[in-house]
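Following are the structures in question.
You will see two complexes here that share subunit A, one where it goes with subunit B and one where it goes with subunit C.
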Partner chain A sequence: MGGRRWLTKDFFILMMPAFILLLIFIIYPLFNTFYLGFTHWDGMTAPKFAGIANYKEMIHDPLFWTSIKNNLFIFVVFLPLVTLIGLGFAVLLHNKAVFGRNVLRGLVMLGMVMPMTVVGIVWMLLLDPHAGIVNRILEIFGVPPRAWIQDPSTAIYFVIIGSLWAWQGFATTVFLAGLEGLDTEVLEAAWIDGANAWQRFRYILLPLLKPALIVVVTMSAIYILKVFDLIYVLSGGESVPMYLFVLAYMVYYEIFYNFRWGYAAAIATLLTVSVFVFSLGMLKKMIGERGVESG
Partner chain B sequence: MGKKPLSIAMVFVLVLAVVAAGCISGGGTSTTQTSTSSSGQATTTSQTTTTSQKPVEVVIYGQWGGVEGQNFESALKVYEQEHPNVKIKYVVQSKLRDSVLTELATGSPSFDIAILPWPALIKELGQKGQLEPMNSVVDAYNGEIQKDLLNMVTVGNTYYAVPIKAWAKPGIWYNVHDFEKYNLEPPKTLDQLKQDCKIFKENGIQPMASGAADKWPLSDIFEAVLIRVGGPQLHNDLMLHKVKWTDPRVLEAFKILRDLIKEGCYGNPQTAIGEKWEAQVPRLANGQVAMYFMGNWIVLMLEKEGVKPGTDFGLIPFPVINQSAKFAIVAGGDWVVIPKNAPHKEAAMELAKWLAGPQYQEIMVKKKGYLAPNLKVPLSAYDPTDAKVVEWMKEYGIVPDLDDNAPPGFQPIIWNKLFEFWANPDNYKQIAEQLEQYAEQYYKS
Partner chain C sequence: MLRVVKVSTKYKISINLVAWIIGVVLFIPLLALVMTSVRPFAEIVNGWWNLHNAHFTLINYRQVWDAGFWRYILNSLLIATFATILPILIAGMAAYGFTSFSFPIKTLLFLTLVAIQVVPQQAVIVPLLKLFRDLHMYNQYYGIILVHSTFALPWTIFFLRNFFKAIPKDYEEAAKIDGLSDVGIYFRIILPIALPAVISVAVVQFIFVWQDLFFALTLLRPDKWPVSAGVTTFISRYNPNWGQLTAAGTLSIVVPILVYVLLQKYYMRGVAGGIKG
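So, the complex of A and B:
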């Protein structure tokens, strides 16, 4: 009863500017991209309706499958790692006994405040085969220098490491906020009842951090599914090697090298749908959790 | 009260948003319409400004930065002094291809001239009706402009661009002191090259640099070897896909490079693929690297490092591999294009005419590292190193750059596959097969 009392005239008037911008810059381009995915368009002459030809072509396109494979690999490795590292840092930095924890908190966030292009350039300098500090340090331990980010056998791992470095600040922040909001009495009660550190973490802390966990997983998944900038910069900007192709780069490649805006729109649609489906699933879960909590 | 104004407000928002969104998409989807109106408007503006003496601002997009960009801007000042009605704004676009294509797709580009180094892209844009034909500029110079460079951007009888700069990839630049120190002669044959490499390697000097991390220099090295294996004919045939990437002569070129890479001529294979091309210039200047295959633009960069041509560095053609194969130099250029919907087309055309002429090109040639496509520029205007390159071009003849003239989508594939080859040279047969598969796809379309 009265659940939508906030839908007043003032609400709509105040929301109007945001709504107009949303419509112009998000909703319209979204639907236009969806439409262009069903056309053959070179970006210069008028688009021609092509039905599902672009989607059919994807099935036979080896570059598309390479991109899917890379996206999945990065996703599967990155997601658990960023969650675990973020959680680990958060637990560590939540502990008041840790010396200089405020400075450490700042350092952990450093990757997050840097633009991805800067992150890419920093990694390129660090890993330079001749002048990079990483190779110099490894040489001390007898490891010969290597072009880590260019080597086809190691390049993808450095995309993951770079992304982790940049994104774990976000995961740590969310988990820290979750930890700060916890009722410490529950943990103390468990401690008095004789629960060991692992039991307190597994059966008390983790379930209480579930909303934060869902936020971290959802946002990290969205970030990594559309990863582009880091790969672009690490590859020198001119041309990304095929073994590092991801869907977001493929959209760029099809537009600027093959003039296939329609095909690129179809790939972009697929990428958007996959991000949307994943986010929706996670959001549903979060709403479900809230429902259980409030119920 | 309450519901009605609310509904009106909602409808108003929707209509406003749809209209605004429609305006945004209009330029992108209906180029022809925008083209007509926009070009009409542009002409009017240009005429008005001429009569009212208000300067017209001609916007140039290019990717010449650093010393080259400064030289270009100082040359443009000469034009501005001679044409007080024109102001020129040169915008360095680090992502030139992306900027130009995106603005052309909107139907109303904000630039009047773009300096592009991709002839295949120029032809494609011209055929799609995006570029203004430049026949009037070419006709004005009646045979003065280098024909090879004009042919690269010609479709039928239409010139879609005009070259304002030529460059060449004449051969290997070498550090004179490294060779003197070990009593070596600059190599003339493949065996001598391998021998020199061995001695440099034994003495802790990287024999050759590749600039592999940027990928494009690898296609230049590959082309040099290809020409020495099968002459300019094989090079041109592969560029036009008249021969396959799996042709025995092409495989031979791959095999020669495989041996050079594996023998360490390009340094430690595990680090060589991480070397950026610009970072190799100071390494060549200070003797860490003995030889470097690169274009003539390297002269300016080397001189900036404080080394002098002749005394500190020299130039040799790529060593002979097959005695019966004719030699040729890979050359290309930078072309000026004017979009169909350029805001100030008339003023842009006038400026393009000046850029294609001997006055501007002589100014640039005197600043070094710049070769003139206009044949009226005298050889005496050149620096001795540049003059040597020009003479070689005349003596041996030139061939177009293979990857620059391949279909635009195939170019990054060539770079990528050659990079994979550099990382795993033993895979050359597989890489040639993959290149052939892609070539069949791109040349067919």
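So, the complex of A and C:
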């Protein structure tokens, strides 16, 4: 599409609403958050510039370190697991020998279409020491029942399991779409050439699935960095126990419990920066792929 | 291409067994939710899977409904519906602007769009709260609808632009000869042709807004909460009333599950094509 004349009334009618909204509700607040991170502010009086005081305070804030530790632990366990599970399910559901594949694809996505708070309720029920089925199944294998969520040393696994159940559907769907877009001739040629299952997977399927892999890893990383709902669910109307804090919850907590809006903005800035860092690979690819040159 | 590889029966049985065991495991959470919601309290403590002497009741639903849960459902319907229609209209217009005009700062605008689609909700919440208070948008339906709509714009513009690009230019040319303006072409020609893409975007966005908790908690008071937040009012950390909790949970997922089941094809396409998370 060539250079249509653009300084027309119609052009502005088409473009303006979107960019005005983006400016008011995303772009301006985003930069404002960054600025407010350098102020002391209770949300009521005028913000006072404080330099890097908020960032200095983080270093001495045990709540902050607990949050970082939890975020990291959840991230490190969740990311490889969700990628492997998604890839495994996708390969399985792509196999034409599997009967009822459409029903299975539907089941995979169940957790993805429910509010995460309901996912949280479901897993609270499943992991309950009395009414939960997980303890009953573990009993069969000789593991004594325990209060997984109430126990500070295991509560974090609730967050990981709930997130996995909800999010594997996304990973599976993206990998499946990737598999369906593949040229099956390459795979079949390899089959005929006598490559074994592992070789076909490692040297042919995986490289071809790289675009899907980038999307899954990036989106899953963003998803789990922002984990909030499953933590909130555990609060039961009060504040969450300290050992369960994560960065996203801390932003909420500093705003509504401590009224330290400047500190909340500083933590939000940190969270945003880490999300951007993990998105860079995918964003660069998107710019290259759907770049403006193509119109 | 013809595939001349024999698939053995043993392989077929084992792969189906694995697939369906996984399917059942993935289904158990939903089964547990619904089964618990229709059992009296005395039976739940013995396990929802225990069908010995089972009784089924709707008392939990009755109690949850009487406690005002219908309000949360209405709130969700209202917010999710408008926060789906509005961004589609606006994003579609911008996407059409991007496909049919070239202009000097196009690259810059495009890069901005690419970058801001990953902005987390937490990144804007502090200034937004101030803005909402100053403009009296706090605890207003239209406030949260505008914010959700704006957050949908970046990925929606991408998704629709990719679709619009594939529409043959002949349609536009013909419409232009008939004297339609660009805005007219967008509403009368482009939007109807792009209906499948529009439905994909709509389903993904509707389900996403239905799920949102963070904006609901921060921008609304409990009386305007959607189900995602409303359901948490039934949680009690030490003495869970599982019957009520699961009844509320089940009521919260009826609409999105229905939308998903009816429009599964569009939802999958939206999830795989956009990068909505």
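Following the convention adopted for this analysis, the second predicted complex is superposed on the first by the 258 of 295 C-alpha atoms of A that agree within 3 Å, B and C clash if a C-alpha of one lies under 4 Å from a C-alpha of the other, contacts with A are read in each partner's own complex, and residues count from 1 in each chain.
One rule holds in what follows: a contact is a pair of C-beta atoms (placed from the backbone, for glycine too) under 8 Å apart; a residue touches a chain by one contact, two chains touch by 3 or more.
What you see is a predicted model, and the numbers here were worked out from it, not measured in a lab.
In the superposition on chain A, the chain among subunit B and subunit C reaching more residues of subunit A is C.
Of the two partner chains placed by superposition, only subunit C is touched by A:Ala268; subunit B is not.
Of the two partner chains placed around the shared chain by superposition, subunit C is the only one that A:Ile133 touches, whereas subunit B remains out of contact.
In the superposition on chain A, A:Gly236 contacts both subunit B and subunit C. Of the two partner chains placed around the shared chain by superposition, subunit C is the only one that A:Trp165 touches, whereas subunit B remains out of contact. Looking at the shared chain after the overlay, A:Asp151 reaches subunit B, while subunit C stays out of its contact range.
Contact with neither subunit B nor subunit C is seen for A:Asn196 once the two complexes are overlaid on the shared chain.
The interface of subunit A with subunit B overlaps its interface with subunit C at residues 13, 19, 24, 28, 32, 43, 128, 130, 236-238, 255-256, 261. For subunit B in complex with subunit A, the touching residues are 2, 5-6, 9-10, 13-14, 16-18, 20-21, 24-25, 28-32, 94-95, 97-98, 101, 104-105, 124-125, 128-130, 212-216, 268, 270-276, 279, 408-409, 411-413, 415-417, 419-420, 423-424. Those residues of subunit C that touch subunit A in the shared complex are 1, 3-5, 7, 11-12, 15-16, 18-20, 22-23, 26-30, 32-33, 36, 44-45, 47-49, 90-91, 93-94, 96-97, 99-103, 106-107, 109-116, 118-131, 146-147, 149-151, 153-154, 157-158, 161-162, 165, 169, 181-183, 186, 207, 210-214, 217-218, 227-229, 231-233, 235-238, 240, 242, 245-246, 249, 252-253, 256-257, 259-261, 264, 267-268, 271-273, 275, 277. Taken together, the subunit A residues at the contact with subunit C in this complex read 1-4, 6, 8, 10-11, 13-15, 17-19, 21-22, 24-30, 32-33, 36, 43, 89, 92-93, 95, 97-100, 103-119, 121-126, 128, 130-131, 133, 136, 165, 170, 173-174, 176-177, 184-185, 188, 191-192, 215, 219, 222-223, 225-226, 228-229, 232-238, 247-248, 251-252, 255-256, 261, 264-265, 268-269, 271-272, 275-276, 279, 282-283, 286-287, 290-292, 294-295.
Contact residues of subunit A toward subunit B in the complex are 9, 12-13, 16, 19-20, 23-24, 28, 32, 42-47, 127-130, 144-152, 236-239, 241-243, 253, 255-259, 261.
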